[in-house]
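Read from first to last, the chains carry the letters A, B, C, D, E and F; within each, the first residue is number 1.
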Amino acid sequence: MRENKMRTTLLAGGEVITGWLAIPATVSAELMAKLGFDAITIDLQHGAIDYTDMLPMLQAISTSDATPMVRAPWNDPSIIGRILDAGAYGVICPMINTRADAEAFVRACRYAPVGQRSAGPLRASLYGGPDYIKMANETIMTFAMIETVEGLENLEDILKTPGLDAIFVGPSDLSLAMGGPAGFDPRKPEVYEAIRFIAAKTKEAGVIPGIHTGSVQYAQEMRELGYQFMAYLSDFRMLQNTVARALPVFRSGKPDNFAP
Amino acid sequence: MRENKMRTTLLAGGEVITGWLAIPATVSAELMAKLGFDAITIDLQHGAIDYTDMLPMLQAISTSDATPMVRAPWNDPSIIGRILDAGAYGVICPMINTRADAEAFVRACRYAPVGQRSAGPLRASLYGGPDYIKMANETIMTFAMIETVEGLENLEDILKTPGLDAIFVGPSDLSLAMGGPAGFDPRKPEVYEAIRFIAAKTKEAGVIPGIHTGSVQYAQEMRELGYQFMAYLSDFRMLQNTVARALPVFRSGKPDNFAP
Amino acid sequence: MRENKMRTTLLAGGEVITGWLAIPATVSAELMAKLGFDAITIDLQHGAIDYTDMLPMLQAISTSDATPMVRAPWNDPSIIGRILDAGAYGVICPMINTRADAEAFVRACRYAPVGQRSAGPLRASLYGGPDYIKMANETIMTFAMIETVEGLENLEDILKTPGLDAIFVGPSDLSLAMGGPAGFDPRKPEVYEAIRFIAAKTKEAGVIPGIHTGSVQYAQEMRELGYQFMAYLSDFRMLQNTVARALPVFRSGKPDNFAP
Amino acid sequence: MRENKMRTTLLAGGEVITGWLAIPATVSAELMAKLGFDAITIDLQHGAIDYTDMLPMLQAISTSDATPMVRAPWNDPSIIGRILDAGAYGVICPMINTRADAEAFVRACRYAPVGQRSAGPLRASLYGGPDYIKMANETIMTFAMIETVEGLENLEDILKTPGLDAIFVGPSDLSLAMGGPAGFDPRKPEVYEAIRFIAAKTKEAGVIPGIHTGSVQYAQEMRELGYQFMAYLSDFRMLQNTVARALPVFRSGKPDNFAP
Amino acid sequence: MRENKMRTTLLAGGEVITGWLAIPATVSAELMAKLGFDAITIDLQHGAIDYTDMLPMLQAISTSDATPMVRAPWNDPSIIGRILDAGAYGVICPMINTRADAEAFVRACRYAPVGQRSAGPLRASLYGGPDYIKMANETIMTFAMIETVEGLENLEDILKTPGLDAIFVGPSDLSLAMGGPAGFDPRKPEVYEAIRFIAAKTKEAGVIPGIHTGSVQYAQEMRELGYQFMAYLSDFRMLQNTVARALPVFRSGKPDNFAP
Amino acid sequence: MRENKMRTTLLAGGEVITGWLAIPATVSAELMAKLGFDAITIDLQHGAIDYTDMLPMLQAISTSDATPMVRAPWNDPSIIGRILDAGAYGVICPMINTRADAEAFVRACRYAPVGQRSAGPLRASLYGGPDYIKMANETIMTFAMIETVEGLENLEDILKTPGLDAIFVGPSDLSLAMGGPAGFDPRKPEVYEAIRFIAAKTKEAGVIPGIHTGSVQYAQEMRELGYQFMAYLSDFRMLQNTVARALPVFRSGKPDNFAP
């Protein structure tokens, strides 16, 4: 089975940066995949992307070396199975609030006897290879999102879930849940402390800590807290931020460092 | 019929900046349309976009005040008619090399007795209003691309075409045709001189000069040459340039002015 | 955040009539949206429409002043979240049979601390505006469908659910459940009485009563019962009824009032 | 090869009424096909429909007995070949202005030695049967549109084109070309006279006269002029007219004959 | 309502062979449907097919006499309702492990008073006819998949579920669950014995036994065990197996019985 | 720029076998691309595939080492440019009947100063690399189809076209044009002789001869005539032939060498 390079890097203590796709188009997916990210994540939860779009986007990503990942819309074994059959090598699952949630998620990602994923890896075996079913349980990575107070409180229990590979903090939801504003890179002290706590506990448990970030500065702080897996904005936000900043410069006629 | 704001601005001597869409997705189309461009152009020639994608993208653009435009894939009355029926208020036509080309293009954009556009403005009358057929000839704008040596040589003749509203320079093809490199913002002196010449002759003929630009600096020079209509990169190039520049900063952990 | 005009009208005691979309096409969606309905509802339950079709249909509706609504396929927080992120200003949820069902539905529609909707309003903030997350809880309307005997029995309890804005009667299912025939505008006395009862109790609870109707006559009776929100057939049924009636007239060659 | 029922009817002197599809959806296509029309025409010229939508729409129509037809976007052998390969049993070609136009159109519809259609009837042989290539030249019907003054003037010459089966008047374009208003059912005397003339000459030449109509009254007049093939509005116009008329009745609460 | 020919055959003791679709295309769906299978099953679980693709594929199948079936992605009333509304005459439901699972599945397939399917058979009534709602409960067939040890253990209880028409063995998952390899046509003795046991108990209960097979040999053995309903590979596997075997022959230049 | 492996092989005197795609699906495209063909050709002429489907299919093919090719629907510079911008490394052009046809085709495939292809290789530079525009003229292969008597007569002149890399015989059309039956592998002596003649003249001119074949036997004969490039049936025909042959065996219960 084709190696999961992201897994190899993470297990060796390295850092993985994932691009994030919210635009349902294969051409932007391939563009992003070839710009140097270690992994590319298709967002089925908040992205404007459904299964029908996801499948060819995974194929577009597979023209590159970036590891293909998908954020599931929900902790639902039906769509998780289909995401994996389509060839994702990592799944990020939202709203893991309890140990039972985490176990259900992992069960949906693993074949028997470990889990209950149904066998039928149509495209996955084109991408992974003919020994896919034998090797998948040890190749595919599982990322549980911690983004509620309940999830935070149950973190240590969640981290004991066999087969759970990584934690992915949803900073915007976590902040909202803790009384802060929505948005990337929360600065409210309790939220920041929670983010620090998650990294520490996760590493302690031998699990990979991950988080979604919106700036270089915040990412650097996260790196220092021990986060090894980081998502950086999204195709949509990159485009939005860039045009919002460059268009007034264009109108002004005075080139600057941002928009030369 | 709904006003063509772009036309009003241009006829009043104002400047129009168009966003440029190469990614076949409605959500990025709506995003671009709401970021402050005066017009948004869907590129059916070099964009990864076909009619099937274009129609809902025009609808997405119509949620904003930006004037909807389309670059036709070719000087072909069949697709030009369908672009207009879908509600475009401006059409950019590639490869106008002769007066006959320009006349054929204009004919495809105008109803009888001026032209030969066939009547059936399905979505166009939803967007433009019930008097669409009566008013379309005076509302829709026609942009002829000058991008070959032949087109350049025939420019003055082309500019005499009744009903031709604007010229749009394809700088990359023009440069290639004149022995320069492909790409935005050509600096080869003969090409630059041709671009200057086009602006001058076009304004002289009472036609609007337009050009596709890749930087603020070049656009400013074009503005000074008299260009009133400018396209600024594209969604695809914006995304590509931004990620290419921001991702290394992200990895470095050292925020800068470009990627804070 | 952009106003929810439908909500304003309903809270002021006014009437809202919604068009209903079952055909998965953006051009018929825009047509319907521009014909004068107060709201347009995309039906993901019984319409031939999935998420992939819904997103550009919501954009097409957003070219008009009609309030965009979606009927969810099921009381499932995953798809409800995605419907809202796509920019719906109202959600109709089928099969609300208990107070717990209603609470789960409302929770899926509201951000913390009121509910558990996950933050990531990609297109919703393009449509609603940059303060979307702050204002959404008070802007988005929730409609619970009463269409089973169990739902009817639990109505008064359901109506106490905080954050539930409206009731939407599914007359066909309710009739079927009570031993009547399927179809719009049920006349079986027990069903009619139930529909009367729902209106009365709903208004009493300060909640908006709504119903799907198939004729002007029945709608007028519903209006007199107190229904403030009414759906009128669907694009599919309108087309079906019209052609079924007009085609024989066309063949006969004898124009009449219906088909002149 | 499956019989072309429309052809059989027309050659026997009977009348064929075609439904007209402008909405790109398979479910409305199947609905229309099952409502009793003799034929169903997918409009690739002014409908919001491209090849990608057309193929499954032809399949949807094939669930009924209605003869599947397509209006080509243009007199272009490339798309005409693809329309036929997809299983259309009749093609309506716009803008036939000269005998040469008509000959090119017929050539694109017929296999050698009669024409130059390229062999490869992928879906057409699923629909028509394994002897498709042998029988297609005598089964597929060709409809030339007369909709310009030039076409009108060349009518008698056009009618001599071997292999041309029928004429289809485009009343809106013809009226516009003759100085009348656009729209169905032109009443300007010169236009009406031209429409009468076309029917007469066409029948005289042993060719089938056809026209697009917008009302029962006008259709009846056309029938009396000898028109055997008639299109009746379109799905889009049916829906538009019906809602425009029924919605105010719905609001008024006073049912009438149109909207009970 | 249109007869369910598959049901008639099975109830008369006959055999039904279903083609299996994993490729999301209508043209291969129509091809498969016209090659002589008794039924055609669209696989929403492991096929690369979502609702959006399924609907026109069901229409394509409806151009033939093959009975249209769908394998649901999961035992979820939301998607099961939409599958049926789209016109499927049989539903195969994965992962039926308990009597409660089976009852929930059947409930999702039947209208009140037997079940809780919501009424709104948009395309289903185009396919089935205007009396669809009245007749559907007795026409649509339900197939429960037995593919886990738990399902096997609860088989006799599951078989007592009123309204359950058939069992469909998932041999690959069952084998995996019992410690064997994944893949069609399991030979591990315990698995084979389980498959024999399922047939015997199912027939005993008056329910139809079905299974997915990968070869003529295995299918013949299944037939002898009493299986009446058999799926034969899939479009994807047929294509894969054929090319894998024929291409080397093609390269060798030595035609053989397989690739002449 | 990424090497064109097919070109390297052909120029070294080797043989290239291409898979042929008529089914519009990315998952079958990826499957075919990974089964060992040297090249994969997407058929926009007779396949059920349009631009919108082609783009992600080219991406799916790009996950393999097979060289991506497209058959254009027509000798039309508009679609040829878009095929190349989407990343095809070879284009097969139908209906090349004269030297002028061949020159127009080559011109559409080459950038200035050799040809008139417009610059804007959106996806092509993702696939080919950043030096795409510089290297494309020497990397992309052009295949002219000879499939009419006129083309056959003009063969020697066509072969002199600078920049024409290969000839691709359309055996079915050629046979039909010469009075034989349609279909692969024509045996009519005059047609066979023409096919022999084409190979001989093409090789003599230093151009690569290619042909579409339907069987191993015929392909071997073609190989002996000097054909270096061969297409082998298509995904659609492979599936059709296999099921047509295997299903009766499956029903019979008697496995054989073809269907074990």
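Convention: a contact is a pair of C-beta atoms (placed from the backbone, for glycine too) under 8 Å apart; a residue touches a chain by one contact, two chains touch by 3 or more.
Model, not experiment: these values are computed from the prediction.
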* **Option reproducing the contacts of A-F, where over half of them reappear, out of A-B, C-E or D-E** => D-E
* Structure fact -> Higher number of C-beta pairs in contact (B-C or C-D) found for C-D
* Using the average of all C-alpha atoms in each chain as its centre, how far is it in Å between chain B and chain E? -> 52
* Asked: If you average the CA atoms of chain B and of chain F, how many Å lie between those two points?
  -> 35
* Of all residues in chain F, the ones touching two or more other chains -> 22, 24, 27, 31, 48, 50, 52, 55, 76, 79, 122-123, 236
* If two chains touch, include that pair; go through all of them. => A-B, A-C, A-E, A-F, B-C, B-D, B-F, C-D, C-E, D-E, D-F, E-F
* Residues on chain D engaged by chain F in the complex (per definition of touch) -> 50-52, 55, 76-79, 81-82, 85-86, 111-113, 116, 118-123, 133
* To do: In the complex, go through chain E and note every residue touching chain F.
  => 17, 19, 22-25, 27-28, 31-32, 35-37, 48, 215-217, 219-220, 223, 232, 235-236, 238-244, 246-260
* To do: Name, in rising order, each residue of chain E that touches chain D in their complex.
  => 26-27, 30-31, 34, 55-56, 59-60, 62-63, 122-123, 126-127
* Touching residues on chain A, where the partner in the complex is chain C -> 22, 24, 45-48, 50, 52-53, 73-74, 76, 79, 94-95, 147-148, 170, 172-173, 176-177, 179, 181-182, 236
